[in-house]
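Chain lettering (A, B and C) follows the sequence in which the chains are written, and residue indices restart at 1 in each chain.
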Amino acid sequence: MTTAIRHGRFGTAFAYMRTMAVFVAAWWALALWTGNPALLPTPLEVLKAIVALASDLELFLHAGISLWRMLLSLALATVLAVPLGVAMGLSRVLDGLVDPVVEILRPISGIAWIPLALFILGVGNALPVFIMTYAAFFPILLGTVAGVRGVDRRLIDAARTMGVPHRRIVARVVVPAALPSLLVALRLGVASSWTAVVAAELIGAPSGLGYAIEWYRELLLTPQVMTFIAMIGLLGYLFDRALRALAQRFTPWAADARMS
Amino acid sequence: MSTALPSTRSFALPAARSVALPIALVVVWQLAGAASGNARTPLPTHVLAAALQLIESGELPLALLQSLGRVFTGFAIAAALAIPLGLAMGSFAGVERNVDPLVESFRPIAAIAILPLAILWLGTGTPAAVLIVAYAAFFPIVVNTVAGAKRINPTLLRAAATMGLSRLAIVRTVVVPGALPAIGTGLRIAMGVAWTAIVAAELAVGAKAGGGGSGGIGQMMFVFYAYSIELNRIVVCMIAVGLVALALDRALRAAMRWAMPWAAR
Amino acid sequence: MNGRVKLKLEGVGKRFDAGGTIAVQDVTLDVVQGEFLVIVGPSGCGKTTLLNILAGLEAPSAGSVAIDARPIRGPGPERGVMFQDYALFPWQTVWGNIAFGLRHGPAGDGLGAAGIDARVRSTVELVGLAGSERKYPHQLSGGMRQRVALARLIANEPEVLLMDEPLAALDAQTRIILQEELLRIWGQDRPASERRTVVFITHAIDEAVFLADRVAVMTSHPGRLKAVIDVPLPRPRNDATRALAESQALAQRIWGLIRDEAYRATVT
């Protein structure tokens, strides 16, 4: 293997394909050995299922619905959490008042709300959106508070010495300075929310990727189940990449903001 | 300038503020709920009564123990696999290059999405639940361990190498202690994820596989929803879920502080 | 020193947290209009605190501080500050940073967009940043960032420039260049009445002697003004100035005043 291939982006792509090839080969061997397509289909069968679901658009239909719910939940959670987070970050008093409630509710994951929410909202569109909004709300809120609190004191001082009035300082210094943290918080919110989507749709929705997984499981059509699972993974990955690209585009100065 | 002890006033005010809003909300809940006239509406007083009932009858403790047992088992399995793997990936570029594609491909797939497969393979009982928990806990531990191992100051590594240590010895004596705080963080995050995963898994199994059998707090919650329609009991379960999550997190933080007093929080 | 008094510190003291550390104690100092005053001293002598008090970012616990006989009550663009690590707004370009105070603060009142642009342009030229207007701080070297910080400061046309170890983060060579640039921009060859007043903090004695009209020497624990030393070296100052015997003598004298403290700081 020449050094040219080993290193660099070409090398990484090659390593990726090599690993996945090994993985697929091992899977295939295992599938043939178990011999039960409902238990472990071969990679080929899964591929056929993917093609079938893609060509009749069912795959994209459910993906689109889940994605739509994700975006809606993200928007709702952001509209609620960011202003509150900024206010809490700026005012110790407000933070002292609201934070206890946040800390009490936060450990109760969005998923734990499903039964109660099911009762109030019933099966339908509203349930996943509610659960996902709730799940995204807390990471975004806490990340915003931390971001606002973490704004370099010196930047605010610099603006003060220029005579900039307080309101302007909040809008023109605090918010832009907190933007990188805010975008990280959004990424965490998305991750949290996308995890909740499956559980929410599996139990309480008539459509979407979570629903599709369960539907095909009951039919024991495992290749289709795997197709939708892979779709969930793919979309989650793309969403995260998109947000990273957004962060890179809008906050190029931020030191690498990595998710832990 | 006074050097007197802080007066009781300066303690009382923040303490009062921190419970003010929660208490106010509970009161509003009670009043609004009672006023709504709907007999089913969960009220704080009813919730409290239901909690006492469930604890006395042993149903709540049993369900929690079942769930916790599954969480700990899955968590232990995940840690046993993820920590060595993470250390290897963080220390040897070759390992990382070959394994990372798999890790990164599966990481975005939430544990709960794997549940139908787990049920297909292992049925609706504890083994499937443990698998889900282990899967869920695996990724945060790996990711954080790798990060911790990579963050080791390269100068330290070089110093150890110049002292003649083999690569394996370097991992053991320099990388592991240095990565410990990051591993701790990964464990803490993984515990939270694991607890959420078990509740979700039990809930889903309860919803799809019928009321009996699987056990655990998630399943109990669903039974209260679908069969006995006991909203107060659902709320009790929700609060229990929250309290356990808090307790687990605090316990892990304390364990970390005990094991690594030098690591900054 | 002759000339009109621009800033007056009288008996200024600062104590943090009731009963806590005394940062500065009983500092009385007149800063003359148009002079370049350098405050020098070991770490912990309260120089930054003093600057913050002059800037209005902190209030003194004792004594008074005034500009043109008006008491200082808070920060304002007439007393511009240059911070130790530049404090540039990372989301703004060089142009945006320099224009910030004019766009959002009182220094830009009555200027209008065209006026602001003109002012920023002339500042950019003066400070030597032409060509970099569209760059972001994270794309600039330390020396460039320092120029931007200075430009941002003087675009607001302050009467007083307060600088807190602005060259500390730069390497020695860049430092020397920027010291001369600073003097040029300040206008060292203009008469005192036309120059801005500068209060400059550093711990580098050679820097102090090179730049200053007067050097205020402070000691630490608690921070007190030990002496004020005239620096009658001729202006404009350049490399030749540094080699003068008189420069060396002044530096030695100042070092003699703080040497003991500096030593103690390394063993505690």
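General observations
By definition in this document, contacts are C-beta pairs under 8 Å (C-beta built on N, C-alpha and C of every residue); 3 or more make two chains touch, one makes a residue touch a chain.
None of the values given here were measured: they were computed from a predicted structure.
With chains reduced to the mean position of their C-alpha atoms, the one farthest from chain B is C. Counting C-beta pairs in contact, the chain pair with the largest number is A-B.
The distance from the centre of chain A to the centre of chain B, with each centre set as the mean of the Cα atoms, comes to 18 Å. Centroid to centroid, with C-alpha atoms defining each point, chain B and chain C lie 52 Å apart.
Computed from the mean C-alpha positions, the centre of chain A lies at a distance of 48 Å from the centre of chain C.
Contact residues of chain C toward chain A in the complex are 55-57, 74-77, 79-81, 83, 85, 87, 89-91, 100-101, 104-107, 136-138, 152, 156.
Across the complex, chain B is touched by residues 12, 15-16, 18-20, 23, 38-40, 93, 96-101, 104-109, 111-116, 118-119, 194-195, 198-199, 202-203, 210, 213-214, 216-218, 220, 222, 225-226, 229-230, 232-237, 240, 258, 260 of chain A. Per the touch definition, chain B reaches chain A in the complex via residues 14, 17-22, 25, 97-102, 104-106, 108-117, 119-121, 140, 143-144, 147, 185-186, 189, 195-196, 199-200, 203-204, 207-208, 221-222, 224-225, 229, 231, 234-235, 237-239, 241-243, 245-246, 249. By the touch rule above, chain A contacts chain C in their complex via residues 152, 154-155, 157-165, 168, 172-173, 176-177, 179, 251-254.
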